[in-house]
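Each of the next two complexes has subunit A plus one other chain: subunit B in the first, subunit C in the second.
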Partner chain A sequence: MNNTSNIYKNKKPAIFFLLPAFLFLILYLYYPFIQNIFNSFMKIKGLATPAKGFNDPVYKNYTRLFTDPNMRIALKNTLIMIIVTIVGQVGIAIIIALLVDNIKRGAKFFRIVYFFPIVISATALGLLFNLIFLYDKGMINQLLEFLGMTNLTDWKDEAHAIMTMMIPVTWQYVGFYFIILLTGLNNISDELYESASIDGATRFQRVRFISIPLLHNVICTCCVLAVTGALKVFDLPWMMFPNGMPYGKTWLTGTYMYYYAFVASDADYSSTIAIVIVVLGIILSKVVNVIFKEKDY
Partner chain B sequence: MKKKVVAVLLVGAMAGTMLAGCGGDSKAADAGDDTKKEDTADTSDDSDEGSAEGKVTLNVTTTFAGTESNVDKYQETIENWQKETGNKINDSSASADEAMKARVITDFETGAEPDVMFYFNGNDSNPFVEADKVVSIDEIREKYPDYASNMNDDLIPASPVDGVKYAVPFYGYWEGMYVNKKVCEDAGVEIPGPDTTWEQFMETCQKIKDAGYTPIAASLIKEPHYWFEYSIFNHDTPATHVAVPEKVDDKVGKAWAEGIADIKDVYEKGFFTENTNTCEADEAFQGFLQDKAAFYVDGSWKMGGIRDNAENIDNFTVTFVPGQNERKTTDIISGLSSGWYISKKAWDDPEKQKAAVDLVEYFINTETVSDFAGTATTSLKDGAQIDESKLNSLEKDALTMLKSVTATSGACQDLCTEDQRAPIFTNMPQIVEGQMEINDAIQQVIDAMEE
Partner chain C sequence: MKKRKFSPGMCVVYLILIFWALTTIYPILWVILNSFKDKKKIIANSFALPIGDLFSMDNYKTAFDRLNIFTAYKNSIIVSCCVALVVILLAGMASYALVRYNLKTKKLLNTLVVAAMMFPVFATIIPVFRMEFSWGIVNTDKVSLSLISLILPQIAGNLAFAMVVLTGYIRSLPIELEESAYLEGCNPMQIFFKIVVPLTKPSFATVGIFSFLWSYNDLFSQTFFLRFKDQWAITRLLMEISSREGTDYGLMAAVVTLIIVPLLVVYVCLQKYIIKGMTAGAVKG
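== the complex of A and B ==
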């Protein structure tokens, strides 16, 4: 009895196990992040080029953030992306997960089908959707032509660009949240559903009063992942809309940071944008946690 | 007690694995080496006997990709070299667009540079020349005296940074206007020639547009380069073209502003591809090949792209970009803007050094250069040998055009690095739409160059 209690009281083994991962994080996450904060005050042209002293004034990049119209566009688009991500990705994933959880045959098949987009690289998806939305002989325009439309639609023009960018991003990650939510649903005891059935609950009532409340914490986790994911989404939008095209209207915080790091060779401003992304990520995660407050059942 | 021992052993193993990983990384980084260092280390025992003759892996980056003229020849050549030497090539070639240039510069900055590279020798090369990351031809010749001995040294361009020659030219380029004959015929217009003026060209474009075709295939968002170059050329001369403005209102600045204003004018007249501000470069090019657009301005490297993708090569020809002001229509943009580099990293690696030199020499021998060059200029001492009987109609038209050239000039954009010209190139759609002032964009380029 005494031995058992000692095992739980003695935390040293746990610390030993945690130490390697902790060192790894310090070396490859916290150190670069702190260095990044320093970089945002320095004058650095290209990546890995030596800094040419401090900016004048040192907070130059931070004042620039407030006067940079593209940064405003990037923040606005990222907020739209967050909303679309929560409603589109998590929302659709909840519906699909509930539907799949309620079928007896073919659940495995649908799991694979909905999860499949996750395993395709964003570059391939970008090319795929570029062809789907292509102006001349793209899949959608051909379909519209077939249905009698005479004018081609430029899906990448100012009026359609944001929507064209959001659709593939939403589509790609629905499967990710679908799997998380489905696992959450599988963890709900069948006894609860059986008891509800005996009490005369309809299928909808079982979902409304058992599944969704018990999924609350999983949904909360999905929303936090969705928000932080939307803040740094980069690959697919960059493949389809590089350099904020058209007319700088599709910048996201992730693509804008990349542009300054790799295209415009302004590493210090890029570092500043990276800090904005991290700060926003922390704040918005907290906000989501407050809104969805985790519950104990 | 047993549990504690197991726990300690597990922690030790995890920590050891992690630190071993870190150690490997930092070592490679410190040495400025990429993972290939390990490859060569693995094969060091074997390669002691064969040195460069076997089992060396070289990282190679070139612009032989996409619809470039000589992609097939390039791939065949590296295939043959690998077979003959037993060495391996990790090829990361890509189309010569702004993204590729950004990638190459970043690779050099982060210590992941290629061993051998075919890349631009103008200001695009400044960052890695300044960082002393490539070897000069003279340094290579100290150890390999016959290196590039078939080249005319006077024609090898020097680096803008220090006047030292680093890149061995392969073959040159010219820029011209490709023409879809069928579209011109259907629209009832004559193909522009050496005497066509800019005003006449605009009238021709209007007629083509009225006939329901796109006059000029171009992607201003992805490839504004060619129109940028010729539009500015139309406001200066072959003697003054290769210059960058120091002020927006100096002579060069005015030429740039007037040239970009011409692009805006052409855009406003609706002569470019309908979705020029959002389309991929290949999308515009396809429109030209598929008889939807009449003209397409590009370099000599596009000859192969047309040859390989057009249904009927005889449907295409090439002519001069119409001129105005002091620039004659027959004055063209041309030069030896790219060359073969060997990185310092490969040079300092005893196993890679010989293989890298061998690979470059494999490409720059007179026969291969002549084969790749086609109608383009070379820096060969004896000149390239062209067998006209093997040329297609487009190549013959190119040769005819080149015989009428009155003057040549390099590209002024080569004086800027990729990030310095980004304010104009990235913002070209905003400029032609009037969302950004031309002078503001030029001022941003000047500011970037002053930094």
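== the complex of A and C ==
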């Protein structure tokens, strides 16, 4: 469409439209992002205290990353979290999306209900799950007692903490990927299914050879979102396991970064951890893309 | 396709779906029911319905007496509404210009927007805090300044997503209406507010609701920018309650109920826009 021009030939008003939004992006995202890289080389203690020159040596925080045992725990937990979210969230979402796509009644109900946990703030969910996993008569332990179990499990002890943290996080976002996948399924034309069933394809075959291959790109998007999402998890773990409780076993990169910014007053190290989060995000989403590219149907 | 109403396969399908629905409904229901019980009786039996002897409003009484729930609600709503409105306005204007004007820098600007979506808040929050501190708007005891210090970064954080959704929508609008308005003598400013804005309403609703929810639920930024008690928004208050009153299960249940029930009601009313926006934003981004 070249004749769009008349109105929009004079490009001066465009600046007026664009300027405010891009000022915001630059001042509040791009500038701080670059500043954050500088900060990771500086000496900054409290959040609001001025920098006291460069670190000595400049890359001190980066070598510290490698010797910090808690950082290793945080990275390990975050990687577990990423795998659990991809397998758990996207996996469960694929299954229920395929099932909902195949039913006639109640699809709308399930769509609304599966989205509940995403609307509620993760902070409130953290409190909710604190009550559910309570050792002393939480929902789960009462249920187990009801079923005849006598020695109850402390879901927040060292052995169970990681699992207790991952379950709510995984559960919360299943509905998100479910909705994305369901929209992808709705975009597949009915004619394909009809001609397949005329050719004698069973329901399972239609899912296996039509739905899943055509969903390939959407599943890839979901996995990238799951990876970046897992790196951003903060509210729920912090509400359930503040300060890496118990014994620093539950650190995630996000909560660990927060701890250094706020509790330990070590803003420069905190900035360094933030950079690790960014770098991990970029590398891992590339990895997901590569894995999905190779797998052509 | 044949209609087989009660095939065993279908039963299994429904059983699985209903099971997952129970996991999303029951915990919420459980906490709502328990909020109406005396805190000592929750421990005795948390699965019973709160009727007869079990029923009690004490938890709510404590919640309203001891906590500034209304102040927190007010702060939350001011912050989140401001964020939603400014995001709609600024993202709408910028998206309109990005779609309609044939700028040389268009590609660069679009890349800037998409890249901005990738920045995790962790990587920007400390410099933003320090910047705002040097302006004197955080760490002050002025409520309004503190709220502004939270609103500004939240606007920036939601703009990129909003612009991705809105450019997609505005691109699909027919340009003829704008042309005829131009012939009638409207300038681009008027065209935007009189033609484009009304047509883009459904998408604005999606973007607005999302920005609102994200801002309302964002604990991380709230802990950075709202330092004092009278500035706390709902999510920040929740965090405080869990560390201070973590053993009063009845009170916790009541507070959780007070926070999530309004959200769920709003969600069920507006779910059409929410689900549509989710897909538009996520699949394109």
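Couple of notes before you dig in:
We adopt the following convention: the second predicted complex is superposed on the first by the 269 of 297 C-alpha atoms of A that agree within 3 Å, B and C clash if a C-alpha of one lies under 4 Å from a C-alpha of the other, contacts with A are read in each partner's own complex, and residues count from 1 in each chain.
The rule is short, and it goes like this: contacts are C-beta pairs under 8 Å (C-beta built on N, C-alpha and C of every residue); 3 or more make two chains touch, one makes a residue touch a chain.
Source: prediction; values computed, not measured.
More residues of subunit A lie in touch with C than with the remaining chain of the pair subunit B and subunit C. In the superposition on chain A, A:L27 contacts both subunit B and subunit C. Judged by the touch definition given at the top, the superposed model places A:V58 against neither subunit B nor subunit C.
Once chain A of one complex is fitted onto chain A of the other, the partner contacts of A:V87 are absent, as it touches neither subunit B nor subunit C. In the superposition on chain A, A:I120 contacts subunit C only, with no contact to subunit B.
With both structures placed on the common chain, the touch criterion links A:G46 to subunit B but leaves subunit C unconnected.
When the shared chain is aligned, no partner comes close enough to touch A:M163: not subunit B, not subunit C. Applying the stated contact rule after C-alpha superposition, one finds that A:I283 touches neither subunit B nor subunit C.
Once the two complexes are overlaid on the shared chain, A:Q142 sits against subunit C while remaining clear of subunit B. Once chain A of one complex is fitted onto chain A of the other, the partner contacts of A:V263 are limited to subunit B, with no touch recorded for subunit C. For the contact definition in use here, the residues of subunit A common to its subunit B contact set and its subunit C contact set are 13, 16-17, 20, 24, 27, 47-48, 130, 134, 136, 242, 262.
Here subunit C touches subunit A in the complex through residues 1, 9-10, 13-14, 16-17, 20-21, 23-25, 27-28, 30-31, 34, 42-43, 45-47, 90-91, 93-94, 96-98, 100-103, 109, 112-113, 116, 118-131, 133, 138-139, 152-153, 155-157, 159-160, 163, 175, 178-179, 182, 187-189, 191-192, 213, 216-217, 219-220, 223-224, 234-235, 238-239, 241-243, 246, 249, 252-253, 255-256, 259-260, 263-264, 267-268, 271, 274-275, 278-279, 282-283, going by the rule given at the top. Interface of subunit B with subunit A (complex): residues 4, 7-8, 10-11, 14-15, 18, 22, 98-99, 102-103, 105-106, 109-111, 127, 131, 221, 274-275, 277-280, 283, 286-287, 292, 417-419, 422, 426-427, 429-430, 433, 435, 451.
Of all the residues in subunit A, the ones that touch subunit B in their complex are 13, 16-17, 19-20, 23-24, 27, 45-49, 130, 134-136, 152, 154, 156-157, 161, 242-243, 245-248, 262-266.
Chain contact summary for the complex, subunit A toward subunit C: residues 1, 4-8, 11, 13-14, 16-18, 20-22, 24-25, 27-33, 35-36, 39, 47-48, 92, 95-96, 99-100, 102-103, 106, 109-117, 119-124, 126-132, 134, 136-137, 139, 142-143, 146, 171, 174-176, 179-180, 183-184, 197, 203, 218, 221, 225, 228, 231-232, 234-235, 238-239, 242, 254, 257-258, 261-262, 267, 270-271, 273-275, 277-278, 281-282.
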